[in-house]
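I'd like to ask some things about the structure below.
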Amino acid sequence: MALETFPNPHPDRHYTIDHVVHEFTSVCPKTGQPDFARIRIRYVPGPRCVELKSLKLYLQGFRDKGIFYEDVTNVILNDLVAACSPKWMQVKSRWSTRGGIHSVITAGHGRPDSPASPSPS
Amino acid sequence: MALETFPNPHPDRHYTIDHVVHEFTSVCPKTGQPDFARIRIRYVPGPRCVELKSLKLYLQGFRDKGIFYEDVTNVILNDLVAACSPKWMQVKSRWSTRGGIHSVITAGHGRPDSPASPSPS
Amino acid sequence: MALETFPNPHPDRHYTIDHVVHEFTSVCPKTGQPDFARIRIRYVPGPRCVELKSLKLYLQGFRDKGIFYEDVTNVILNDLVAACSPKWMQVKSRWSTRGGIHSVITAGHGRPDSPASPSPS
Amino acid sequence: MALETFPNPHPDRHYTIDHVVHEFTSVCPKTGQPDFARIRIRYVPGPRCVELKSLKLYLQGFRDKGIFYEDVTNVILNDLVAACSPKWMQVKSRWSTRGGIHSVITAGHGRPDSPASPSPS
Amino acid sequence: MALETFPNPHPDRHYTIDHVVHEFTSVCPKTGQPDFARIRIRYVPGPRCVELKSLKLYLQGFRDKGIFYEDVTNVILNDLVAACSPKWMQVKSRWSTRGGIHSVITAGHGRPDSPASPSPS
Amino acid sequence: MALETFPNPHPDRHYTIDHVVHEFTSVCPKTGQPDFARIRIRYVPGPRCVELKSLKLYLQGFRDKGIFYEDVTNVILNDLVAACSPKWMQVKSRWSTRGGIHSVITAGHGRPDSPASPSPS
Amino acid sequence: MALETFPNPHPDRHYTIDHVVHEFTSVCPKTGQPDFARIRIRYVPGPRCVELKSLKLYLQGFRDKGIFYEDVTNVILNDLVAACSPKWMQVKSRWSTRGGIHSVITAGHGRPDSPASPSPS
Amino acid sequence: MALETFPNPHPDRHYTIDHVVHEFTSVCPKTGQPDFARIRIRYVPGPRCVELKSLKLYLQGFRDKGIFYEDVTNVILNDLVAACSPKWMQVKSRWSTRGGIHSVITAGHGRPDSPASPSPS
Amino acid sequence: MALETFPNPHPDRHYTIDHVVHEFTSVCPKTGQPDFARIRIRYVPGPRCVELKSLKLYLQGFRDKGIFYEDVTNVILNDLVAACSPKWMQVKSRWSTRGGIHSVITAGHGRPDSPASPSPS
Amino acid sequence: MALETFPNPHPDRHYTIDHVVHEFTSVCPKTGQPDFARIRIRYVPGPRCVELKSLKLYLQGFRDKGIFYEDVTNVILNDLVAACSPKWMQVKSRWSTRGGIHSVITAGHGRPDSPASPSPS
């Protein structure tokens, strides 16, 4: 499923967009068992923003794919960066418990320009 | 609805005002369906402060407007900045879940002057 | 009600005192309706500390006063600074919901000296 | 009750130890009424670590002592610093509500050396 | 039990892996009583990543070992660093309450290189 | 908007369906101000079940209607009972805070037959 | 302040109305100190319902009254019963902590008729 | 996938078994979109108990099936009852939010015999 | 310390009073170590109510007493019943964790007369 | 390890004792992997009460035992009933997540006599 984008409506401002995807599932390539995660995508948009429905369908494309935690997190980041050229982007995946352990993978792209409005507190 | 303001009662001090609006609704321009959000407005006032009742009425003005998440967040920021010339302002909108995804947009204006009283901890 | 103070028992150390007042009420000067807030006072003491019972009585003095959120927060800060000359002080007021909006005002005084024991984490 | 210590098993590493004491009680010197607190002790150990059982007994020694919030926090810090010469230490006491106000006192000693492993978060 | 590793699938990117182990138990060397902890392992991978199942089995190896809080935290860190040469690693152990006190030990290795994607907020 | 229904797929079993609507808004007939609520609909289906999408659209039909809390709760109940003839139904509306007060209205229809599977605990 | 009522819009149905008042304050007749409470009023309406704004103003009438916890709870119940003749009513007051103790008083009037729609679970 | 069972190790006692399945996904037959749920299965075992691993695999069998909320809940109940003949069983499915609405379906089988150990409180 | 009482201001009504004491400490008769608990006292008053300040002082009387969990709970109940002759009373003590176990003891006196206002839900 | 008991200090009263054991571990007989649970024991004591330290040691006796969830819950109940002849007893075990499923087993003994002090609410 191709990721669709739309023009950033406020391209001159340095602001952040944060999408939390509650329903993500892929397959463990080692055991063939399904994995479940919550995916958080945060970015400072460049020229274009990610369209939400195509993002949902793109992530559904992993439903039957065998792929490891570390890999899928980086693949999603790479695909999103390629699609919308953000100024900064971070993808975080929180996986449900396996064998008494739960894991969180966080990968990022770019370095935020001096932001226009850091918090004063 | 015009935003009303009143003179900052302590214009010499660098302090922050934070309004959390629990009840915001607008319309998705693509589907015509209502969207719901919580809007948080934080600012360091300049010469004038935003009057709370007019803020409520101003935000109710979006009830029937078709407008995207990213756009409405930046529009609110622009209107508030124009109305009260804050030293710093940030608008954050948290949207309810759509298709298993919820989104948060954060836009800011200005850069806090060296604040008079940062937290020591 | 006058604010009472006592000598800082450890004047050579840079440390913080934090009082959270759960029960504060004043009156809205516009509508005549009562307002309710939680007030948080944090400071690095100088030569003197604020006595807790007199603080309680001082804050009860606002029970019948008509005063706006922004103003009362700064007035409390000014009075406390005058009473105990802290190295740093911050007053934060969190107000209960009015018209679907709740507000938080944060004002500070001074700048923390290079603190003796910042957190390493 | 004397505080006991044991040799730091990893003296070359810069790491933190954090003890949260849920059950602390002393007496208000003004009213004679019991006070209750939660005490948090965090430190980067130097040559020696605090032995946990002697810490418990040391803190029980305040059960019948009349002492103010600010004072007891600094006294505990001083005693612990004298006992184990930490690279950095912080003592935080959170007191239960009195007259609708609860208080938190935080005192520290030393300045963390450039830590070996700050969080990249 | 030997720790197994696998090649970092994205060795060029600076990203973090975070494993939270809910079920850890060892034995107090002083009392012979079992201790229980939650162990959190966060790292920026270098050439290799820790394999999750071998991590589980490695940690189960402490089930009958008599070892102190401070020691076990540093031993786990040392073993993991030796196994996978991370760019940065932190091990945090949170122990269940003993005598009204619970403890948290945090040890780290390395210093994060200038990370590729710090958070803008 | 008409409520649509579909045949109960398991008409012989006594079971419950529970829909929680997070996004409901209507208008106060007295002040003209928008009201916001969370609506919970629980029922034991009879011959037919309520179709979820038509339920959403039906409830959106109150967006511009001036109607009191007590009334709208009973009207929704009446309309749903007329549409699907449940064995038992309960409608609960939780309204957001107005003047420091929030309200909950609960109305029901019918009496549950001796249910086939009450909880044993 | 007189309590106002309006005709029950659905007098034939047995349903419940629940008002939670977050902001209540009165005065302790013994110490002269202000008391704070959260008041919950639940009832099955008879011929008339309590009007919300007059309820708010009625409760504000206790702001300067010296009255004990047990008494004020029963007085509110008596006044509300006299005003609207409910089929059943319960008033619960939760008071903020005094001397390490917080109190809850619950008083009721009437006995619910066999309700039309008890919960099946 | 067939459900496997094992003999109830304590067939003479009336006791309950409660399995909470955090990771369930099926497909909406109308939209083709994936649905996600948490499934709770509680039962008083008869002659046999459900084997946990086969339960997991059985529920994974719905991953690609198009089936409505109400139907899948009853189908799971029917299959489990057929497999292990419980004295009482209840299946509850909590579905993630769709269009601002989340749903819970609860179906049961049998009636608990007079249980041997009801709670006294 | 003697328990004081005052006349029930509404002796004809069947209502409940609930006091939650956050700060209770006694001594373990076996180990000599302090124990900490939260005590909850609920009752339907008869002719007299327990005065709050004398209740606080009465409970402080256990500060240096060696007494077991089960015993102190019943002793408090007996003393309170003797002092105020309630129609019904329940005392619940929740003790802080010892050896990984925390305990709750609940003892009661009397049987509530047919209460005047049971909850309809 | 034998369970020790002591004489019920208030044998004439019908009251409940509730022990929550946060730290329980046994071994899965099928996989050899450790299992972890929280065990809750509630009972109305008869002639004797369970001594807390011996309870802790008794439960530690399962640390290396291979035993299923359902079995261990009933075995603990049987052993405790044999040791102290309670009027009523319930044992509940909550197991940590395995394969995305967590389980709770609840077994009871006896039937509470008409309790002396049921809750009126």
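Labels A, B, C, D, E, F, G, H, I and J are assigned to the chains in the order they are written; within every chain, residues are numbered from 1.
Keep this in mind: a contact is a pair of C-beta atoms (placed from the backbone, for glycine too) under 8 Å apart; a residue touches a chain by one contact, two chains touch by 3 or more.
Owing to the predicted nature of the structure, the values given are computational and were not obtained by experimental measurement.
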Checklist entry - Going by the stated contact rule, which chains contact subunit C and subunit J alike? => result none
Item to check | Shortest contact path, subunit E to subunit F, counted in steps | outcome: 3
Next on the checklist: I want to confirm something about subunit D and subunit G. Since they are copies of the same sequence, is their interface symmetric in residue numbering (over half shared, so same) or not (under half, so different)?
Outcome noted: same
Checklist entry - Taking D-I as the reference interface, which entry in D-G, C-G or A-E shares over half of its contact pairs by residue number? => result C-G
Checklist entry - Count the touching C-beta pairs: is B-C or B-H ahead? => result B-C
Checklist outcome for this item: Whole-angstrom distance, CA centroid of subunit E to CA centroid of subunit H, is 37
Checklist entry - What is the distance in Å between the mean C-alpha positions of subunit H and subunit I? => result 42
Checklist outcome for this item: Whole-Å distance, C-alpha centre of subunit C to that of subunit F, is 46
Checklist outcome for this item: Between subunit E and subunit J, the Cα-mean centres are separated in Å by 33
Next on the checklist: Can you list every residue of subunit B that touches 2 or more other chains, as numbers and ranges?
Outcome noted: 14, 16, 22-23, 33, 36, 96-97, 99-100, 106, 115, 118-119, 121
Checklist entry - For this entry, which pairs of chains touch? => result A-B, A-E, A-H, A-J, B-C, B-F, B-H, C-D, C-F, C-G, D-E, D-G, D-I, E-I, E-J, F-G, F-H, G-I, H-J, I-J
Checklist entry - What part of subunit G is in contact with subunit D in the complex they form? => result 33, 36, 96-97, 99-100
Checklist entry - What part of subunit G is in contact with subunit I in the complex they form? => result 16, 42, 44, 68-71, 73-74, 88-90, 97-112, 115, 118-119
Item to check | Touching residues on subunit I, where the partner in the complex is subunit G | outcome: 8-10, 13-23, 45, 49, 52-53, 55-56, 115-121
Checklist entry - Which of the residues in subunit H end up touching subunit A in this complex? => result 22-23, 25, 33-34, 36, 60, 63, 96
